[in-house]
Structure formats: structure tokens, C-alpha cells
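Presented sequentially are two complexes of chain A, the first with chain B as partner and the second with chain C.
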Partner chain A sequence: MANTFELISATTLTSAQSSIVLSSFSSTYTDLCIKMSLRSSDASAFVNFTLRFNGTTGGTAYGTTLLYGSGSSTTTAQNLNAAQIDYGFQDGAGATANTFGNAEIYIPNYSGTTYNKSLSLDQAQENNTSAAYLGFIAGQYASTSAITQIGIYSSAGNFVANSTVYLYGVKNA
Partner chain B sequence: MAGSTYTPIATYTVPSAQANYTFTSIPATYTDLVLISNIATSASTGVSVQFNGDTASNYQFMYTFGDGTTPQFGNVTSTSQADVIYSNTTISTQITNFMSYSNTSVRKTYVSRFNPTTQFTGFYSGEWASTAAISSIKLFTGSGTISTGSTFTLYGIAAA
Partner chain C sequence: MPNPTRIEINCETGVESIIELTDAEVAEMEAAAKQAEKDRKAEEAQAKADATAKAALLEKLGITAEEAALLLK
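This part shows the complex of A and B:
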């Protein structure tokens, strides 16, 4: 039986760095799925991360809509015509020690050139001592170019050692 | 490892605008189903399902979503269809999990992540009040049509 959910790359940080960039992956899959576990060196308990594709910076190519809950309330936010996909959740140094936030991103038809690119992102910032956050994102990259590079950026501090990013390719046949 | 258990059953690319599409002859050999939709529509609309051609009021569903301003939620009961996708004119990513679709001892349930891009993001969960194995899934818009180039892929997930 065909293996249709294939690991393309596995990244585990051995030292702190401000970004993780995935590139040189094949265009032969139908979709991409990214599973991440991230923590920042920033002193806050909660730190954002952002996404950019193909090295596209600045401009207005990205749109993000967020729904999240803290355990006591539910909130929604939106940032359209922006310079990056916003509102990624990760733990910071102020969160419970050795605890990482988790996220899964699904990007269909990443190599297509007809439509803009869209994504679905589910995530949690874990913290056993105070409020934690569970969030959901609809994202858009307003480009018909195939996605050949995915950049993940910590909005404050650096991603710490043992942060992980796994990139999977999904085939529909 | 999900590897050999994440098996494509069928994929469909919309060749020209149409209001519905039906997956048929879904084999009962898997445990769960995953539907990946990369969809745009001619109008802002919910996209519903009916299973096995059942058009009676045997469905119910709930939803929660955020539009950047106010979180919202609601439910619809005893209806003839269940929403699994919300789409607009911008291409978007939607992921639907149909649990235990082939188990004839349980009613069928699903949970779906809908993401009408630049509009809102949220969840549907729903139930079909039937213990029959799901062998067909009809997807249809509430208004307008599904745009050319939209894709639907149905995967089978095997527990063993």
C-alpha cells in the first residue's frame, strides 16, 4: 500500500535560533503538514511566532483570522493584508519549565499555481501553572506561486534547543 | 506511524462550477475518514453533507467561530443536512474528520475545521442519526456554486 503521509524533514534545534526555515522540499506531494513543538527564550510565558513563505517579507500578502480560548474566555482576532501569518502560539521562558507549545499546520495544494495559498493551523500554548491558550487559525498567502520555502519566526527571543519541526508531504494518489 | 493508514480513497478537482459533488462507493475497510477540501465558492456559504442519500431530518450540528471581532456559536437540530465547510470566494483550507464511519453499532459523528479565508475560522461538529456505514457523501452548497479548480480528497484511516 502506498505511503501517502511521508516525513520530508525533521528538525530538532540543538541551540537557540530566531527562525527555522524549511526549503528544498519536493513539489511532488499534494499537500504539506507541519507538526511543531516550540518554546522561546523570551521572558514572557506566552510568545507569538509568525510564518512567511518563499521569503516574501513586508507587503500585504498575508491574512490571519484567529479564534482562541484561555480556559476562562474566548477571543477572536484578525490581521489582513499583513506582512506575515500572525498569532502563532508558543511557550516562553516564563511558562512552566521544559514545556513547549504545539502546533499543526495543513497546507493543501502548496505546489499549485492557479490559486492563492491557504492554511489551517491548530495550536496550544501549554502552561500548568496559570492560563494556557488553545487557538485556531485560518491563514492566507496571497500568491499563486508554488510554496518552496516556509519560514517560522519567533516574535520575541529565540526558539530554544529541543524545539522541533516535522514536515510531512501528503499525496492524494 | 500514520504512513500506510492514511490512504487516498478518491480525489476530485472541480472541472467547472457546480453546486454539489458526491463521493460514492466508499469502502467500509477503514476506521475513520478524513476529507481535505481546498475550496472557493461563488458566494459566502455553508457547504453541507448528506450521507447515503438520506434527505430526512436526521442530522444535527454545532458550530463555533471567530471573525476577528466576536466569537460566536450555535447549533442546528433535526435538519436534513449538516454543515461541514464554510467557504467564500477566496480559496481556503477545510479539514473534516468522520469518525467510525464504517461501524454499524454507532451513530455517525464528525468534527470539521472550517476556514473561509479572510472571513473567519471555526469548528463544526455534527451527527447523523444512523448506524449505517457511510458509503456515500454528498457535498452541496447552500447558495452559489463550487469554483473551478477546487479540490476534495477523501482519505481512509485504518486503526490497525
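This part shows the complex of A and C:
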């Protein structure tokens, strides 16, 4: 990993949580990168997670465009003017036991106050017994406010124990 | 039964706080889950319908998917 990456926060859940909120991180990096390993307690094999920034609820500030493949087909999906970044992938309780989905989010210029915020997200939902999904997201947070808080929400069930979230600051990206 | 909890991590101090969701937050979460499931089912149905239509068209044309891809190159 490039030496411009600095680990800001490392979290391993010790109990099930509906959401994971990161706050009070420094604004002095140029970009942020989040690496996550997530599994939901929901009975489905495939469960979504969503993202929201700065504690927003409701509203229409977010846009998500998704491209994903399942091994048998490729599909796109889009949700614009929404209340959250959608279409995050994670394993659910119906997926192969002890298997977690993983995702990496890159947020450039998170502390800027002139432009809207964009992000890219690549992710995989692992499942050894049936279809698994690989997806890429282009996301936008239509706000010129600096991102000071990041919320990660399980769309169904709770993130189970041993789910992990690592937040990195990127300098001179 | 207590409501689900969320974890908040203060990255400056490293302090992790477990906070019980309010009833309003639980209701919001459940609504979001229902919507996400509805969206996912709609997307799967659309993908299945598209695949069925594509297969039917290829059969009608009497060509394979590889041959169709060749025509589009």
C-alpha cells in the first residue's frame, strides 16, 4: 500500500450493530479510503448496506449508479436524488457460513467546501454455494459541506460480530 | 426486547460508543429494509425478463449469443 495511506481507525465489531458511524477524523488528508468486511444477520444470502454522511436523514442529496455481475449476468441500477448511497453488498446469514462480503470506498477531497462530493466503491458479496456478486458504484453526495461523519447502515438485519471497518487518510493523493 | 444498537467511533479519541436506536430510528431502518428488498426484487425480475426476451429473440433469429455479439462488433 502506498505510504501516503495512514490508518485513522480500525474497528472490529464484538457484537451485532445496525450501523457503524465514524466521526471526529482529521480534515487534513486529501482523500479518505474505507476498507470493510461485512456480514449481516438477516436470513437472506445477499444483503445491501447504505452510506450517509454528516448524519443526514431523508432528503435527496445522494445519487448512486451501480454496475454488477453475478457470474451469469451483468446488470446496472441507478438511484438518484435519494436519501443515501445505495446498493452496497454484504453477505447475509443465508450465504456460506463464516463468509463476509468486502468493499473499498474511495472519497476524494472529502474536506473541501467548494464542490459536491463523489466516491467510488468496489465490492464483492462472497458465496461459495451459489451466485456471488461483484459490483462497482459511482456515488455522489450533493453537498459542498466537508464530510465529517460517515455512517454505514445494514439495510436488513445487523452487521454481525467480526465485521471490520478500516478508515484510512490519504495524503498527497 | 431492546432496540438494535449502533456503534459510533470517535476517530480522534478512539472511543467506541454503543447506542440503542430510538423507536423512530428503528422504524426508519425497517422502512429502508423493505424498500431495499423491493428494489432488489424488481431488479432481479427485470434482469430475468431481459434474459428471457434475449433468449427468445436469439431463437427467433436462429443465431447464438456469440454470433449476435459478432454482429455488434
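We adopt the following convention: the second predicted complex is superposed on the first by the 169 of 173 C-alpha atoms of A that agree within 3 Å, B and C clash if a C-alpha of one lies under 4 Å from a C-alpha of the other, contacts with A are read in each partner's own complex, and residues count from 1 in each chain.
The working rule: contacts are C-beta pairs under 8 Å (C-beta built on N, C-alpha and C of every residue); 3 or more make two chains touch, one makes a residue touch a chain.
For clarity, every value in this text was computed on a predicted model and none was experimentally measured.
Shared-chain residue A:Thr11: touches chain C; no touch with chain B. By the document's definition of touching, of the two partners only chain B reaches A:Ile137; chain C does not. With both structures placed on the common chain, the touch criterion links A:Ala77 to chain B and to chain C. Legend: residue contacts after superposition of the two complexes on their common chain; A:Tyr106 is shown touching chain B, with no touch to chain C.
By the touch criterion defined above, A:Thr164 reaches neither chain B nor chain C.
Looking at the shared chain after the overlay, A:Asp31 reaches chain B, while chain C stays out of its contact range. Using the contact criterion defined above for the overlaid structures, shared-chain residue A:Asn116 touches chain B, although it does not reach chain C. For the contact definition in use here, the residues of chain A common to its chain B contact set and its chain C contact set are 75, 77. Listed in rising order, the residues of chain A touching chain C in the complex are 8-9, 11, 13, 15-26, 42, 46, 48, 50, 57, 73, 75, 77, 79, 84, 86, 153, 155-156, 158, 165, 167.
Looking at the complex, you find that chain B touches chain A at residues 2-4, 6-8, 11, 36-38, 40, 64-71, 90-95, 113, 115-123, 149, 151, 153, 155. By the touch criterion given at the top, residues 1-6, 30-31, 63, 65-68, 74-78, 80, 106-109, 114-120, 122, 136-140, 170-173 of chain A touch chain B in their complex. The touching residues of chain C, counted against chain A in their complex, run 4-14, 16, 18, 21, 28-29, 32-33, 36-37, 39-40, 43, 46-47, 51.
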